[in-house]
Amino acid sequence: MAKEIKKIAVLTSGGDSPGMNAAIRSVVRTCAYLEIECVAIYRGYQGMIEGDFKPMNARSVNNIINKGGTILKSARCLEFRTPEGRKKAHDQLVKAGVDAFVVIGGNGSFTGAMIFNNEFDFPVMGIPGTIDNDIIGTSYTIGFDTAINTVVEVIDKIRDTASSHNRLFFIEVMGRDVGHIALNAGVGAGAEEILIPEQNLGLERLLDSLKRSKKSGKSSSIVIVAEGDKIGKNVFELKDYVEEHLPIYDVRVSVLGHMQRGGNPTCFDRVLASRMGVKAVEALLEGKTNYMVGIRDNDLILTPISEAIKGHTPVDEELIRVSDIMTT
Amino acid sequence: MAKEIKKIAVLTSGGDSPGMNAAIRSVVRTCAYLEIECVAIYRGYQGMIEGDFKPMNARSVNNIINKGGTILKSARCLEFRTPEGRKKAHDQLVKAGVDAFVVIGGNGSFTGAMIFNNEFDFPVMGIPGTIDNDIIGTSYTIGFDTAINTVVEVIDKIRDTASSHNRLFFIEVMGRDVGHIALNAGVGAGAEEILIPEQNLGLERLLDSLKRSKKSGKSSSIVIVAEGDKIGKNVFELKDYVEEHLPIYDVRVSVLGHMQRGGNPTCFDRVLASRMGVKAVEALLEGKTNYMVGIRDNDLILTPISEAIKGHTPVDEELIRVSDIMTT
Amino acid sequence: MAKEIKKIAVLTSGGDSPGMNAAIRSVVRTCAYLEIECVAIYRGYQGMIEGDFKPMNARSVNNIINKGGTILKSARCLEFRTPEGRKKAHDQLVKAGVDAFVVIGGNGSFTGAMIFNNEFDFPVMGIPGTIDNDIIGTSYTIGFDTAINTVVEVIDKIRDTASSHNRLFFIEVMGRDVGHIALNAGVGAGAEEILIPEQNLGLERLLDSLKRSKKSGKSSSIVIVAEGDKIGKNVFELKDYVEEHLPIYDVRVSVLGHMQRGGNPTCFDRVLASRMGVKAVEALLEGKTNYMVGIRDNDLILTPISEAIKGHTPVDEELIRVSDIMTT
Amino acid sequence: MAKEIKKIAVLTSGGDSPGMNAAIRSVVRTCAYLEIECVAIYRGYQGMIEGDFKPMNARSVNNIINKGGTILKSARCLEFRTPEGRKKAHDQLVKAGVDAFVVIGGNGSFTGAMIFNNEFDFPVMGIPGTIDNDIIGTSYTIGFDTAINTVVEVIDKIRDTASSHNRLFFIEVMGRDVGHIALNAGVGAGAEEILIPEQNLGLERLLDSLKRSKKSGKSSSIVIVAEGDKIGKNVFELKDYVEEHLPIYDVRVSVLGHMQRGGNPTCFDRVLASRMGVKAVEALLEGKTNYMVGIRDNDLILTPISEAIKGHTPVDEELIRVSDIMTT
């Protein structure tokens, strides 16, 4: 029979994403509401190994729901990938009287939690916090909505100056393996073309599309390029290629980079994080373990971590079609 | 047998909402892509009655995806509620060679379209554009996401000054019949209490909650009040009541009003509108009529208008619970 | 001979304004740079009387430059207006070894400091922090630039929906005695008419102007009304009056209220606050007292508090003229 | 005796900047107010040569005050640098009955205007529109305030993620010849170090400063680098250098690029542009020519173009000192 859970730890791990603080706050406040003890673990699994813990109460998380980043810090931790590292972490948890933990992060963080659970039969629960929105078992990850708004707002600004000068812009956005940010922000920003890792449309099609766009009288063109796109050229090489093969355009490049991870979370991300935090704590108290919390439409669901970490959510084919139609 | 559809009209009707322009753009571009003619109708049903039409092509909707409001204007139209008014409107459509129309709006606009369809067997399709998110048949209406972000951003600002002065704020947000904006923005903004039309928690509970909040050491309190809340006092009366019964607080009121309807649409609203516009045109071409386009999770669905207009979407009970837990 | 200054206190007093935190940070860091001790006083003069002090070092003010409100809290304090209250405050300062203080606030706060200085020969220095921009001796007060941007952003949103419905909006902004916010934000937002405390243009002129605006084909009208305007009607009475005398308009009202005091400070306010904090500390160390720091063009200047508190800065006549021309 | 001016042309030239539309609107409305004819010239001097003109009235500039970019488009034009090109331009102006023009742009644009004036005795007036704020004869250029706010907002976002990971960021901002953007945005964003073209602090000092910052317990470091900084390494080389010589940091780079030119103008830029437009038209009507409009404190002033184009405004030494103190 499972041990009763009286103290829950919460940590953030891997790359940070906007809304992580709202999720931390939710875990802490749900514990307070249910009269369970709660401790924060700083700097992800590294802090777990080092015992960098701090008791939390409802007031510890005042005024953080609207802050980007994570007040618990995050870090990637090689040591936790070793049995010795995990042993140390387990010792620290036992010493601190922790009965279960909630980890907010992505696939790598969940994999660590799953192995830890398997080794020590220690209750764990995952909350998907990543801007990439690529995790199986949820329609939305915490931070994605904020990231696509950040991208769209920047492209709106670039469009101002692009239109004033009849320019073509290649804009690189995050997404090494998946094109969710590129596709959604591209449709939202009215991009003329969107290059994602899931498709290789080829350079010929790109040139054709740009020619058509120019001919149709558009005063500027924006091409969104996901980091991991498969066209075989990075965004600077694309600029050179197009300037050589399509000299009608004055081409510029913008690499958006890390600003996409920051910023005050949107209302959507704050609400999503608040809901997931409640669900994570309640699921642990119901004796569930080794799951990730997700959302489907308006329902919170649980997916075994073993399934959640199998690859990436595919991009929406229907949205690719919408994107094609919109660039008519 | 249904007449082949060669020309589609698009109009916005009722209160405007951010993202309507993205929906107009999508209808127009989908027509262009499918090589169907498209005409815009200005000023809603009033413009339909008066024949205020304009042919649209793909370039007519350049640079509007990021603009709030509606380039087609909107208006409430009493004449369309009469058989004579609708007869005039039908004559204008026939004269202009229009075979079907897409109306972007709320329940009132859909009811008009349904009656029109019943009277003239004229193909119609609805797209839900309202900030209230209360329309049956869709998880999200166009404009809701932008509105809750506007509210949350304003409350973030008010929180700054409230915290600096240990103040209590009553903030009135839109929602005459439904509390979706209040509940979501309230959870997103970390409000201490949320008053919605669907619940009457009573004044006693409000006082208790505020006393508890003060005692727990919070430096400020924000209470969100939906316009149509059932507590029996408007937001200014609430201020007086609390100042009389709970003199520990310095109380202020803020009525957010029409700013909630405006602003550049969020990425979510732009993408949603783009998808719905494609679906609306394609459904008409497939011979569907008298439906409203909606979204469930990531799937676009059709609901008969006769069902969509039956009342309002209830608020999410689970989210009310999350709200209670978060204010611990 | 003046006593050498080795420890400086900093407080915020009166209404808060965005950028106060940047000014606090600047005072604290300048002390650290010059190897002077620094203490914070919480809750304005009330905290001074109660000895609510905290030692500060350069790290105490990390990550506050971009936050609205004031981390030191603010309060209005009646007791400091009495000789007994000021005596208590002086005792607390002496007990804590404080040799001088910098007060960030408005006229009321400076008056208190001046009286205190006169009574105890205690070195004081003022930094103008108020959104009203009405303090003699400086072209800009900390918070004004943020406030006018907040107002303009909200009006941009309201304009969206006003244009979609051909509406007239009366928008009340802060400014009981002065029209700086109304005039600057009104010009910035392209308002059709601006009503300020310094002028009474009369209701007739307002009606004429609105008629002309309607006739000229504008799709919406925005009238900015400062709280203290002299037209003899509040913003709701104005609505009734115009609806009665000019029935061609659908009129709406929006009272912006306290959101104008909050929000992340603009770059201008952050830089201004940073510069003023340095100047305040350096002036005290040079033996200056009873001055307020101000800015003229790009030069920091000192004005005796006795002059700074004499009335309000008048509005710029040339800008009123620009406003008239812009509404052609 | 000077010819009476009955028709004024307005154009934007060179790189665009936010607020140019507000300046265009102001020139057009001032002409309308003073009952002078006004024509717009599209695409800068290129459009002048090609006669790409359009008559403007007060309504032509509705709803543009809040838009980034320039509705008149801009372009760099080599042909205008030749006597033949200018001759063509003059012929077009004469043919269109234009008596004077206002050019909104930077040094290059003003030089062209001055030469044109010298050759044809044609009245010209300059309005400084550039984000660089480097033009002699004015404390502020149109667009600078918006640009520094854009930079600060982005750095606020990057700070979120930098703090969560204890990272060092090199952020490149615009400024090939001058450090105004870097210095102001750097102070506003609380940057730990600011590298500008006007100073070469040397790599040693940079390393020392970063070591000190790390030691003092800061959770992240932001270094702002102006494009034209003189440290002898670009931003990517700096990253490599620091990673090699200071392995305690995980370093990232962000090049902000063209987003700095776009975006809705701030209230400051809109008001400044409105005032300068009025002044430009009135100065022409008073018989002034070959001047640039500028602002000193709150006064609009005129500077002969021949002086305005002599080099760049130096950065404020006092602000460099503030910047040093703030990074204590």
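Order as written gives the chain letters A, B, C and D; numbering starts at 1 within each chain.
Just so it is clear, contacts are C-beta pairs under 8 Å (C-beta built on N, C-alpha and C of every residue); 3 or more make two chains touch, one makes a residue touch a chain.
Just so it is clear, the structure is predicted and the values come from calculations on it, not from any experiment.
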{"item": "Between subunit B and subunit A, distance of the C-alpha-averaged centres to the nearest whole Å", "value": "28"}
{"item": "Centroid distance [mean C-alpha coordinates] between subunit D and subunit A, Å", "value": "36"}
{"item": "Euclidean distance of C-alpha centroids - subunit A vs subunit C, Å", "value": "40"}
{"item": "In subunit C, residues with contacts to at least two other chains", "value": "156, 159, 163, 219"}
{"item": "Graph class of chain-chain contacts, one of line, ring, star, complete, other", "value": "ring"}
{"item": "Chains that touch, pairwise", "value": "A-B, A-D, B-C, C-D"}
{"item": "Complex interface listing, subunit D residues touching subunit C", "value": "25-26, 29-30, 32-33, 58-59, 62-63, 65-66, 139, 145, 148-149, 151-152, 156, 159, 163, 184-185, 187-190, 216-219, 264, 266-268, 270-271, 274-275, 278, 296-298, 300, 316, 318-319, 321-322, 324-326, 328"}
{"item": "Residues of subunit B touching subunit C in the complex", "value": "12, 16, 18, 67-70, 73-75, 150, 154, 156-166, 169, 219, 252-255, 257-259, 261-263"}
